[in-house]
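Lettered A, B, C, D, E and F in written order, each chain numbered from 1.
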Amino acid sequence: MRPSGRSTDQLRDVRITRNFTKHAEGSVLVEFGDTKVICTASVETNVPPFLRGKGQGWVTAEYGMLPRSTGSRMIREAAKGKQQGRTVEISRLIGRSLRAAIDLKALGENTITIDCDVIQADGGTRTASITGACVALVDAINWLKANGKVKGEPLKHMIAAVSVGIYEGQAVLDLDYAEDSTAETDLNVIMTASGGFVEIQGTAEQEPFSEDELASMLALAKKGIADLAALQNAALES
Amino acid sequence: MRPSGRSTDQLRDVRITRNFTKHAEGSVLVEFGDTKVICTASVETNVPPFLRGKGQGWVTAEYGMLPRSTGSRMIREAAKGKQQGRTVEISRLIGRSLRAAIDLKALGENTITIDCDVIQADGGTRTASITGACVALVDAINWLKANGKVKGEPLKHMIAAVSVGIYEGQAVLDLDYAEDSTAETDLNVIMTASGGFVEIQGTAEQEPFSEDELASMLALAKKGIADLAALQNAALES
Amino acid sequence: MRPSGRSTDQLRDVRITRNFTKHAEGSVLVEFGDTKVICTASVETNVPPFLRGKGQGWVTAEYGMLPRSTGSRMIREAAKGKQQGRTVEISRLIGRSLRAAIDLKALGENTITIDCDVIQADGGTRTASITGACVALVDAINWLKANGKVKGEPLKHMIAAVSVGIYEGQAVLDLDYAEDSTAETDLNVIMTASGGFVEIQGTAEQEPFSEDELASMLALAKKGIADLAALQNAALES
Amino acid sequence: MRPSGRSTDQLRDVRITRNFTKHAEGSVLVEFGDTKVICTASVETNVPPFLRGKGQGWVTAEYGMLPRSTGSRMIREAAKGKQQGRTVEISRLIGRSLRAAIDLKALGENTITIDCDVIQADGGTRTASITGACVALVDAINWLKANGKVKGEPLKHMIAAVSVGIYEGQAVLDLDYAEDSTAETDLNVIMTASGGFVEIQGTAEQEPFSEDELASMLALAKKGIADLAALQNAALES
Amino acid sequence: MRPSGRSTDQLRDVRITRNFTKHAEGSVLVEFGDTKVICTASVETNVPPFLRGKGQGWVTAEYGMLPRSTGSRMIREAAKGKQQGRTVEISRLIGRSLRAAIDLKALGENTITIDCDVIQADGGTRTASITGACVALVDAINWLKANGKVKGEPLKHMIAAVSVGIYEGQAVLDLDYAEDSTAETDLNVIMTASGGFVEIQGTAEQEPFSEDELASMLALAKKGIADLAALQNAALES
Amino acid sequence: MRPSGRSTDQLRDVRITRNFTKHAEGSVLVEFGDTKVICTASVETNVPPFLRGKGQGWVTAEYGMLPRSTGSRMIREAAKGKQQGRTVEISRLIGRSLRAAIDLKALGENTITIDCDVIQADGGTRTASITGACVALVDAINWLKANGKVKGEPLKHMIAAVSVGIYEGQAVLDLDYAEDSTAETDLNVIMTASGGFVEIQGTAEQEPFSEDELASMLALAKKGIADLAALQNAALES
């Protein structure tokens, strides 16, 4: 029995709200249950120095948590003058995953910067961030097209992300904080809408996990990604 | 004629939403028109080292803006490893103002940390922050009372803040970004609900301002603070 | 009775010594009683990147205190790798105020950097800094004119600064440390020699202050600024 | 055909040299072909503040590269004052993996800090680091036992790490730099000597990878880990 | 012929002004010609953590230059968030030299922090700093004695410092900036008043220097130190 | 009697291994007994901004110690975000000394960066670093010549470095850690192979040292440098 009463292969209520803030070219509030993240996509019509003159674009991402998005207040990283290792790691993961969704040549010499800022955390902030960010990215690409900055199609495929884990001996989908904090194994899976793997990252929190457990988790992830891809599509069509 | 069509002594639509996020002891979304700030109040039942054993509490504040809360994306301060001077200055202003609302002795050896995070900016983020933060502060104090951590009454008076300025030669209340970016003078006024001054800070952006202009601006501020105090009360009673 | 025996509208002994050090284009030692600040103005015949090609100049300021300028030694900010919030706030105030004295177009593509370094502190370091810096600024402008780098007149008006406050229930001018550390209210006023307001910044340290108290303080400030303007003129004519 | 002429399931020449430097409680030079890493394990007989009084120990790790361990010189992170994101991410991975090898309760209130410093890089520095570090960790544990600081057995199981990837359409084991820099997919696998998964982390560098490709890579990794475990044992017995 | 017209073994005009600022336990303005440094000695009646309970005191030093103490303005180290290597090196030299003057056991558990802040630079700032700092140190020790914090005699011997160099082929004493910037060799010598060496540090700026040149420079240094020791004594007796 | 049993004028076993790592243009492992330093020389065919267009090259150096190169683990400077003062000081010393060996005009617009990384420390790391770095520097110059980047001869003379000191009342050559940690005086001497002084830096750790002691130490240093120069030559000829 999961703390939330969900079945093992059931996502939390997922809501994707586009145009959440007014300035960004793409702005999405993504909610995986009580986990809430603002994902914005900001367009610049140039590229960082290391890419100048190479005829391609760039996608990068930064992640942050509001100090009191969590149960006890965390130190504000800007005030401390240093990001935590976890923050750096997640920022890199989001950027790397989204670049896998994009044909950087077709993007032309434009940069899209994704900001994922967690306003309320209840487990799975990185997977919610990627899932929401991909929608914001599409809106930014559409802005580039509408403004004549991009001719072809930079979007290779939609991507979404979900966590799976072994909780009390059983594989479960989309762990919330109550599960995540005690799970034996935690695996984040990022896939394309058509079922290709973009990134998998799994850690045995307590005991090593077996090939069978890995297989069970991957099967749940595949199901969850399909559900999320449908929700992304619905949001983009609305 | 103001860009928004408001009369000179008219506030923007102000909304104060309590319990906006679930973890903080006080959590308020404050909106002054399109300016939106999440204000949380976090309680710790101890005090910073410089106050230990002095039998009093502490109230402090930190301010930040999401990178794309503004028209063009700002660098993320946490990633750069340094807060801008403006951020530091506003954080200090918020903390100083809120301490003026509180009897630190009556607070006992407890610390309340206010975080004001701007998710969308359209002028007046510091005044919206203070106005919303005072409501979150009251909720945190009520939490302390309800949990038996505080016996007396730490709240001396409610405070609110509003900007006034000289825009196209005329004193106006609660400047939005369209006004703020071209105003000749910009004055931030923080007052108690009963009309005492807590802080005034005014800058001649172009030409020096006169005593008459100062008087006109202060009169508008007084009116605006009264309106805001009523809205704070309504929110606290709901 | 003030600790120093001064009347309520009396400045401390103010001394303005030009050409205090030999390298800077403008170099002033300003003394407000025991508060002593070295103010230098350094000229560069170019502008920062954000102003290049705009046909205007720039004025900026930095403030610092020698570690033992105060009663107990403060940490050296350079060694700590971080400026205090107060330092940042005062640096910004000085720069903003001095820019109000200057026609940046008439300055041409030149930058003047003001450094205010407190060698001995006894209250009012920011107001002494601004008052002395304006004299150093004039010397630097004269250097630019003498060297044919500036044709027109960049100086719009002289500015000076003074603190006023409510000390033991009474409005007083130019607070020293003994007064400042216990004042109920502290207001810094920066005005032009002709009586226009450039900046006012006031804080209720204990109880809110009233409109009447504000009026009393502003009247004292006006008187003090007139006295300081006369001293600045005398120094520039000597 | 692999650039090195190796078969698809063949490790590079792996050498594990114990007691490489004289001061550390465990000191190993690990070589995976031309990749060379010094792994030291340093013992402190206390724990970090967050673990005090909990009756358990701690294992943590830091990773670095000498500036000219690579083909072109990298900036020295200590001189820049900031570690790269990649460095932080790998440090965290090494620490997390090694903690999975240890019963922290049995370690008692002792801390073992692992330093992995790459003196020459040719691909696979993180997997070589973990493989060598586990041997240094065992030496440090033996030092703790020999000095009577630990009574029970903190080592739960040996771990080793290897990279696998899809190179020119084929799954290959233990990628060198020539392969790594052009691989389509790169997967790092950390397992126990008995075949349990401790961590898997895989990224599609170009196109998404399929379930079949994942299965092929995992099979190679299992074979490679078995070979590495044998080499670790041989080193520890010598 | 030296640019200043001095003979080869002639110091610049040296002035040592005690009680230069009012807060510090020792405060000296030292002038070596146009080089002017404020040296303060600050007493704390405790020791840094690494010396607690060892029954001895500590002497440490920090050095800085006002941004416009030099011909062209230097970046303010506090604003940049980092001290230059030269600043760190000189701070360490001053502290190390002064500790050689002191019996740390006799100082008891007290710390004296020396701040040397250059307000005008014309060569030889480090040697002027040490020479002035030793006088400030004596004043601080006398303060400790007068306040009953120290019983015995912590001062082992007075120290002074002077630069010597090879300028246009000839050994000269106490180089000013005009000489220093073109000298072939620059040697800083710190000696006790009785002629023992505390520190020597010499660099061949262009060609290597010979044993004979070293001997000539050391002879000049010895003469200069004797002159400086007499000036220190005179200042302390006044 | 020295702890190592060496005679007073005897170096430790010195080994200089060229081509120690494969990527750098010059790569040397230098060993002075148990002190082991990797010295690499990295070539860039351009110069830093301050030298652009001046028709000369640059040589600079950075020094570091692996965290567990010493008896107890030191904090990793990259993780702390700050280099120690000692590290900065030694980096500057190495760079300054090596520039004395080079005709920067003849080097052309090329930069050679020397990295000295201590993998095991037993006293004398800075002198071993300079001695090894000069060999790596020669290899890098030969690479520049072989690749047609340099026409003339940038090497003016070989340099080497050695420490001398007063240990138990007697002058000794090449102090190891056991001697260094208790020596009364420590003098680092850097000379050309032909006996000219490049840098001397000596500190009285306890009591001031006399002219006679200085003379004894310099005589030993001269002998040691001659021995080291012979070893450098042998290494370069092998």
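Annotations
Here is the rule we use: contacts are C-beta pairs under 8 Å (C-beta built on N, C-alpha and C of every residue); 3 or more make two chains touch, one makes a residue touch a chain.
Treat the numbers as computed from the prediction; the structure is a model and nothing was measured.
The fewest steps needed to get from chain D to chain F, moving only between touching chains, is 1. Apart from chain C, which is left out here, the chains connect through touching into one piece.
Common neighbours of chain A and chain F under the contact rule above are D. Interface repeat of D-F: among E-F, B-C or A-B, the matching pair is A-B, sharing over half of the residue-numbered contact pairs.
The greatest centre-to-centre distance from chain A, using averaged C-alpha positions, is reached by E. Chain geometry summary: the mean Cα position of chain C and that of chain E are 33 Å apart. Here the spacing of chain C and chain F, counted between their Cα centres, is 50 Å.
Here the CA centre of chain A is 28 Å from the CA centre of chain D. Among the residues of chain B, those in touch with two or more other chains are 81-82, 91. With chains as nodes and touching pairs as edges, the resulting graph is a single ring in which every chain has exactly two contacts. Traversing the ring of touching chains from chain B and stepping first to chain C, the chains occur in the order B, C, E, F, D, A. By the touch rule above, chain B contacts chain C in their complex via residues 85-86, 88-89, 91-92, 96, 100, 157, 191-192, 196-204, 207-211, 214, 218.
Chain contact summary for the complex, chain B toward chain A: residues 21-24, 27, 34, 36, 38, 40, 42, 44, 62, 64, 66-73, 76-79, 81-83, 87, 91, 113, 115, 117, 119-121.
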